[in-house]
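Each of the next two complexes has subunit A plus one more chain, namely subunit B in the first and subunit C in the second.
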Partner chain A sequence: MIRAADMATVLAGAALLGAMMASAPDYNSVFQPFPAHAAPGEAADGRLFDARFLGGRLARQVAFERYGTPIIRDSAALFLIADFEVSHVTASTRIAATWRGASGRDYAATGRVEGAPGGLEARWFQPGLTDRAFAVFELPADEVPGGRLVLTAPGVTILDSALHLPAPPLPGPQPLARIAP
Partner chain B sequence: MTPAKQRSLPRRVLPRVVAALGLVAAVLLSWWMRIEDARTADTPPRIAFGQPVDLGRVMLTPLSLAVAPEGDGPPQLVLRARLENLTGRTEGAVFGFPPRPPLVDAGQADFPQPEIFLDRDGEYLRHVQPRIPEEVTITWDIPAGWQPQEISLTFFR
Partner chain C sequence: MRRIGWLALTALFFALTAGIGAKTAILDLRGEREWDLTDTGPAGGALEGVALRVELTRAATAPQRPDRALLLVRLALDGPPAARAAWVDCRVTLRHGQDRLWRPLETANTDAAIRTIAPDGQNMGRCNPQPFDAPADAGPILSDQVFLVPVEALDGLRLHVSAQGTRPRALALPIAAQLVAIP
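And then the complex of A and B:
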């Protein structure tokens, strides 16, 4: 007859194994970029570049010209145009922008304003130059307060840095915001 | 000090055997659960218009299906639908990656890959943002010689 202590050991081992299997994070959760946080209005230091959140505009529609053609985009939610400054670039790079909303959801910069003058998808940032840029997001209004701008190098950012820039207080939404160079 | 009582061989081995079997059972169970999660049903459930279809990352609700009248271009099969992102991030691969768009089963005709437009502005659908449902139009160019008939659409998860 198996002693109670032996049975308890086996059951404890099985429970421990089950708990480890249930709680083991997946690959994507384990390998993430290193976050660099900044206070509102301050610059965050990253591996390739530093960045500072300058301000933003909220709008129900955005207007811009693409190769001379006027375009207006509307949204079922809001557009957020986030302006930021990039400095201390150590190598020529492009930048990808994400808005981490108050709920924790990630909103990638919208592709619906592709071709807008100065759009982030076509911008390169060069060493020795301090530059300004903007990213446009489409998101529900309640994701803006408490959210933050996350800037990374494009592509795989594992073991790279991600700059987390909290949102400064933003004015209320305008009916239309114009994107101009 | 009295010598410890020597247990018989079966009593010493049995707990180790039970522990090893438990470990193997846990590994096999975990492996089988992953297989079950990835398994697709042999016969997909049938749905009607207005009923949502869970495509994994996106919930698609077909609203209407029609043959667009001939205009400047070729006639098209037009599906209007509502898309809702179920994930916590912007989803660009609405029909998965590599994409597996809805399959039209309409006789012997081979329908080409569809195009997806955002109803709001008629532009190509680029992505669906979390918590912002979008109404879209999915269009297929109708092959030459095809006559309107009963159609079924298969969605893949």
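And then the complex of A and C:
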């Protein structure tokens, strides 16, 4: 009788442990950046920098010059050129941009406009200086309304801040948008 | 009494596990942060057997952006090879108060910016205590770093120099720059 009770205790413990292991969130789910949300047009405050979504352009094609060579990129979806302002930087940093679409999917900034003048991949933001920058995304049209721009420091952002900037009202898509400094 | 012994053993193993896990984090933190600062005069000082000298500071503004300045800092490192090797690398930052930290520019235009501002038109390269082209005569190792800072912050800047092999120890010295205008 005592042995049966011991077995029941061990089995109950194993079942409890299994349930805890199965339901425990994984590392990537637990350790995420702290989101900082802002109202449309307002600045969000982060650990390293503040940012404000200034506006955006939608286009079927984008044109830019890379080291003097004119380049045009077209898309079956839409290009979104998101302009934003960065201020109150506390340490020199680069910035990574992601578009969180209306469906909840995350879109990385496109690499198809790499080398465009003023492109985000080559920009550094410095303390004491307020600067404007842009990020270019290629995404389905239905991901733009209700979506938001997410700005973080590049690399590992665990326990850092992620600025969530909702899109202001954007004009309709134009055939061609030019990217210039 | 026997139960207390088991509890003590459990607590000991728990503390050991936490300590072993924390050791890596503490060593990483020590290797990353500078909290043991040695304040020196503007000319420089010594850290872990390596002498640091500020050879040149020069700030330049452009008419298009008068609110910001490019600040060039030329450093000279000097010391025996073993001491320089123990540094491993070299980190140079600028501070203003407790809440602003500038890192050297590393963009496609950095080399041109340094050559434009330097009086001799040369770029001595990044701060590196053991470069492959170290002077054969065991002379000082020069380096150039350029920072983009607001003009209003030029007064009160402090230069911090440390290395992987010295942190959390670092040198801190005031920086005063001559401001010139780029045409």
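Throughout what follows, the second predicted complex is superposed on the first by the 158 of 181 C-alpha atoms of A that agree within 3 Å, B and C clash if a C-alpha of one lies under 4 Å from a C-alpha of the other, contacts with A are read in each partner's own complex, and residues count from 1 in each chain.
Assume contacts are C-beta pairs under 8 Å (C-beta built on N, C-alpha and C of every residue); 3 or more make two chains touch, one makes a residue touch a chain.
Given the structure is predicted, the values throughout are model-derived calculations rather than measurements.
> Per the contact definition in the header, classify A:Pro127: touching subunit B only (first), subunit C only (second), both, or neither.
In the superposition, A:Pro127 touches subunit C alone.
> First (subunit B), second (subunit C), both or neither: which does A:Gln32 touch?
neither
> I want to verify the contact counts: of subunit B and subunit C, which reaches more residues of subunit A?
So, of the two partners, B touches more residues of subunit A.
> After superposition on the shared chain, which partner residues are touched by A:Thr9: those of subunit B (first), subunit C (second), both, or neither?
A:Thr9 contacts subunit B only, not subunit C.
> Would you check which partner chain A:Thr90 touches, where first means subunit B only, second means subunit C only, and both and neither mean what they say?
A:Thr90: touches subunit C, not subunit B.
> So in the complex, which bits of subunit A are touching subunit B?
2, 6-7, 9-10, 13-14, 17-18, 21, 73-77, 101, 103-108, 110-112, 114, 138-140, 143
> List the residues on subunit B that touch subunit A in their complex, please.
11, 14-15, 18-19, 22-23, 26, 30, 88-90, 92, 120-121, 123, 126-127, 129-134
> Sort out for me which residues of subunit C touch subunit A in the complex.
Listed in rising order, the residues are 67-68, 96, 99-103, 105-108, 147-150, 152-153.
> Considering the complex alone, what residue numbers of subunit A touch subunit C?
For subunit A paired with subunit C, touching residues are 90-92, 122, 124, 126-129.
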